[in-house]
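Order of writing sets the chain letters: A, B, C and D. Residues in each chain are counted from 1.
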Amino acid sequence: MTVRVGIINVTGFAGMEAARLLWNHPEAELVAATGRSLAGQQLGEAFPHLAAYADFPITSELEAEVDVVFSALPTGASAEACAPLVEQGVRVIDIAADFRLREPAAFAQWFGKDHPAPALLDRAVYGLAELHAGEIANADLVANPGCYPATTILALAPAVAAGLIEPRVFVDAKSGISGAGRGTGGGFSYSDVNEDVSAYRIANHNHQPEMAQELSRLREGPEVAVTFVPHLVPMTRGIHSTCYAPLAEDVSQSEVLALYRDFYADAPFTSVTDAPPHTKHTYGSNDCLVHPTVDERNGALVAVGVLDNLMKGAAGSAIENMNLMFGLPQAAGLDRPALYP
Amino acid sequence: MTVRVGIINVTGFAGMEAARLLWNHPEAELVAATGRSLAGQQLGEAFPHLAAYADFPITSELEAEVDVVFSALPTGASAEACAPLVEQGVRVIDIAADFRLREPAAFAQWFGKDHPAPALLDRAVYGLAELHAGEIANADLVANPGCYPATTILALAPAVAAGLIEPRVFVDAKSGISGAGRGTGGGFSYSDVNEDVSAYRIANHNHQPEMAQELSRLREGPEVAVTFVPHLVPMTRGIHSTCYAPLAEDVSQSEVLALYRDFYADAPFTSVTDAPPHTKHTYGSNDCLVHPTVDERNGALVAVGVLDNLMKGAAGSAIENMNLMFGLPQAAGLDRPALYP
Amino acid sequence: MTVRVGIINVTGFAGMEAARLLWNHPEAELVAATGRSLAGQQLGEAFPHLAAYADFPITSELEAEVDVVFSALPTGASAEACAPLVEQGVRVIDIAADFRLREPAAFAQWFGKDHPAPALLDRAVYGLAELHAGEIANADLVANPGCYPATTILALAPAVAAGLIEPRVFVDAKSGISGAGRGTGGGFSYSDVNEDVSAYRIANHNHQPEMAQELSRLREGPEVAVTFVPHLVPMTRGIHSTCYAPLAEDVSQSEVLALYRDFYADAPFTSVTDAPPHTKHTYGSNDCLVHPTVDERNGALVAVGVLDNLMKGAAGSAIENMNLMFGLPQAAGLDRPALYP
Amino acid sequence: MTVRVGIINVTGFAGMEAARLLWNHPEAELVAATGRSLAGQQLGEAFPHLAAYADFPITSELEAEVDVVFSALPTGASAEACAPLVEQGVRVIDIAADFRLREPAAFAQWFGKDHPAPALLDRAVYGLAELHAGEIANADLVANPGCYPATTILALAPAVAAGLIEPRVFVDAKSGISGAGRGTGGGFSYSDVNEDVSAYRIANHNHQPEMAQELSRLREGPEVAVTFVPHLVPMTRGIHSTCYAPLAEDVSQSEVLALYRDFYADAPFTSVTDAPPHTKHTYGSNDCLVHPTVDERNGALVAVGVLDNLMKGAAGSAIENMNLMFGLPQAAGLDRPALYP
């Protein structure tokens, strides 16, 4: 039995990446895809790299029966579109931010509007398979993690869960430009962005509460305080998150490596590297590479995580969650080496 | 009277950038330039962008009388070459790391060899004009700051000097590839570096002790502890340093901005921006742009500094130091807008 | 006496580049700059790399007395704005395409509208200093060459003028993205343009008739037929024009090099290189580098030209024309090595 | 039955790309891989993006029984390594240039040495599936096309075969830097190559005779004369070949499009686009996109071809040839959309 998948808003980068992955999925198939601005065009005509979908229309509403929907709408609009689907018994994986924060008040504070479907928040499962595979398997509504939080949480989770660090982290993340989305305005033009690094929304980005909430769930005691600064760097794909925290106890480099390796021993996509990892080693793959370093001089931990923001940071992770929800092998359709160079 | 300048090792990126700047300097002139591997060629032939130096030979030794020498040799070799010049009364600006650390033991620890001229360390002045203009004006030996330390110290100096932050900083720096030098091997090939971000020498880079030493001089009390992680990003020029520290007192965003603006009120090249600065706004200029942000949620300061690593981070700063040493206007030959886009 | 310059539409890339160059011009000064969308802002505030112009307002109309105006408006609008200025005796350098084609019918054909000021076409001088320095010096209206034509004409002029090639050329040009202008839409976003090469307006770009017209003026006989294909490559600045033509006579590589060198012997900015030139060797400079190759196997000439599209291809060339028009040294304000790397 | 594949020189870009593709091939498996400099390491350790090959040693000689070998050695060395394998009955796909030119004298002229195995030249089949699928299926030695020739021949073949153009073409090709190979020296460092376009080996590249030979086979009459100029552009993967030729007869744009579409009607990987294609639309895929334009003004054809130089231009094409040789579906292991953005 093939899982029938619908994508809401296939015309954004995450949506089109999900379509790309589904083309080669052995047990799932794209059967419907919406996208208001391009409705009426064929998917393979609108996006030449998806030429394989030559006879697959983009529609304004989902026009086939589906088992699961990926929503890649903007935050706010996504919950509105997902709510009736959940009620109808369609499983939903929300790639937007609508179901990540558990408190409606937090949503209102960070996104500047009331949550459109607060009643669903309790049913939503945070879709990071390394931490919540069991819950995801039983979920009907999954909140796909944000790209920055996915990278950061995977870099820090073993240390937080083991109580290795103080609950005070500084997160410095560098993202490729595709994180800003498709069809974005002049600020992301090649001429402006090439040969440029800049920080934005310093200590004020809406992925910060998601990191704080999810890291805090991993340990007893006070909330984990997170200072988060995202940066744009001149590349298309990739996130590099460098996380700093005071050590809570004396620990050696080899002990930390062992603890991290143990934590991810069964994870098919997250692995611990001996040397600092490169974002390019995950280009187009669903891998997350993690590397902790003990700064003995200063009693601190530096934990690095890297991934492809459109794969493990968005569409790849959504496929992984779908696999878990439908009892398929976790790596189905995702077992691909990265593209290098 | 024109200042006669010699460059030792004009064939590296810093050396050739100094030659470029001297072509347009109103009161200084390049009169000799060494470079073993290319000795015998004309400077304008070896480096087509310096075609203006069509009849200017690269020699193996300095072959003209000079008032000042820029040394752009590798660390260790530089002190050996500079020592006899200082003895002869030639003023020296060392762009290498040889005279930055004040303790011979620190040099030995971080560079893995004994200092070749420890007797000169006391005469060396740290060449960051924003902090030590008076000393530089009277120096005969100037240690030009490292590119990472220059960016970081300028980002943090006002806060450290005012006691605004705890003596515990995390420094996350992103550098363009030219920081790795010219003619470097396969690891910096376009195919490997494009679409890639990676950290290296995590908490173990030899610019760390330079930052710690110079920041600590700005305040009474314990040494400033620095955890420093450099990263390579796919661009040619530019450094972006993001510095994190716990606040030592309650302070507002506007108070911090005012304090920073006051600190740099007389600095011709360092200015404080209202919004997060872009490395690209300093491309080819001698400017450093600084921007502090108070993270009220977590009681922390995030201070950003950006500059062009070959200009304010190397050759531009060397010209600025020369100007001060010879009583020229500080901005002579450097008053140029950045190249954009 | 300082030449007082006004820039119409300083907010495009060519206009802001002219402002940058004027900051360091020894005998000219920017006194007024218009830009409707940003009128009211200071120039140094709107464009951080021009921070030196901190107290220089962008206005909606020219608000100071000027000796010369650079118009960087879109084609069509530019002639409308320039015509009254020419009537008032202000000298005008038009960076748009309005006064390049000598026939109003050609303008109508290629730009889809009637020429707004056909009476001025006879007064306009084509502003390529290598070919028309004398006329430019006496002009009150100069048509600044297009970036593709400037590169191509300089690459081919010696061969065409000497009758070395048949009047049949294929021009394959590669341009950096800044040629598409500032604030352009989604098609030039970093994510779309990085890792991409594409041709556009194949054999149908409006720079083609400009090339054909100007090359044909260099020789007796039939019009030079030009097949022109522009390409976008992932870089910010630079044009590389590769021109192919059948040889009209037997000639050796050294003869062609000698002929080219002789042709440009007195040109301050165009030079002939021994090896294929790199666009990067002209980054930020006003230089054009030219290199002809005889394909003996097939009896063809391959002529390469490279330059910085915003400098010799736009604003640098405009400054050069101004210098000639006002009797200043041709290289005033432009004698700068390129930025490398 | 799974085809057992050996790769000679897995450590170059083409070799490692073949290994990447074989990981997901449904009916072939990598069983041995050589690479002298890294012999002894595991493939997944030497190349982190191939981490899936964690327990797969790189050896100095092929150490398993194989059905087919991909040779990615340098030209000259490759024929030496392939000759004994062919004698032993192992099928060989040579990714080097050793078996492409049919005349030993041409090899000697262009590669500067005698051919190491001239007796095998008659057995070698030129491995461009669009033109020679039948021969490839029966071959025991396949000469995989060069990246530039593959792009160019596919762009021109329909026009040449139909006698649409004169036998005189100008080929202007733009290649990403990976075409220069892995571990190449300073000339391809990021700092030198970013923001740069340059031509090299103008009308003197050893892919020229390959183009001329293969295009000439497509028609009666005189040899096709080819002037070929390769360029490097700042991207990692991709080739864009723009081909110019005088039309031999009057033909309309729609007629040419129809002729091209007809020619490639059965080709699984080459298709004809309505608009100029982008290299990025083939990133990581085995597709070649072709687009012809009639320049009516000048009676010329402009034919564009784009592909990924490591895929359809090297390893992807090698897999395709293997599929044909072993009776597998032509697209096995290759039916993947490109990665975008």
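Criterion: a contact is a pair of C-beta atoms (placed from the backbone, for glycine too) under 8 Å apart; a residue touches a chain by one contact, two chains touch by 3 or more.
Just so it is clear, the model here is predicted, and its values are computed rather than measured.
A.B. asks: Could you run down the chains that neighbour chain C and chain D together?
C.D. replies: A, B
A.B. asks: Just grab the chain with the largest centre-to-centre distance to chain B, centres being mean Cα coordinates.
C.D. replies: D
A.B. asks: Distance between chain B and chain D based on Cα centroids, please, to the nearest Å.
C.D. replies: The answer is 46 Å.
A.B. asks: When the centre of a chain is set as the mean of its C-alpha atoms, what distance in Å lies between chain A and chain B?
C.D. replies: 38
A.B. asks: Report the inter-centroid distance (CA atoms only) between chain B and chain C in whole Å.
C.D. replies: Inter-chain centre distance comes to 36 Å.
A.B. asks: If you look at chain B, which of its residues touch at least two other chains?
C.D. replies: 13, 176, 178, 182, 191, 194-195, 234-237, 277-278, 280, 283, 341, in rising order.
A.B. asks: Write out the stretch or stretches of chain A touching chain B in their complex.
C.D. replies: Chain A reaches chain B through residues 168, 170, 172, 174, 176, 191-192, 194-200, 202-203, 225-227, 229, 231, 233-238, 240, 242, 244, 276-280, 283, 293, 295, 297-298, 300, 302, 304, 306, 341.
A.B. asks: Any idea which chain A residues touch chain D in the complex?
C.D. replies: Counting only chain A, the residues touching chain D are 13, 16, 20, 23-24, 47-52, 178, 182, 194-195, 236-237, 271, 273, 277-278, 280-285, 287, 289, 335-341.
A.B. asks: Any idea which chain A residues touch chain C in the complex?
C.D. replies: It comes out as residues 13, 176-178, 180, 182-186, 188-191, 193-195, 234-236.
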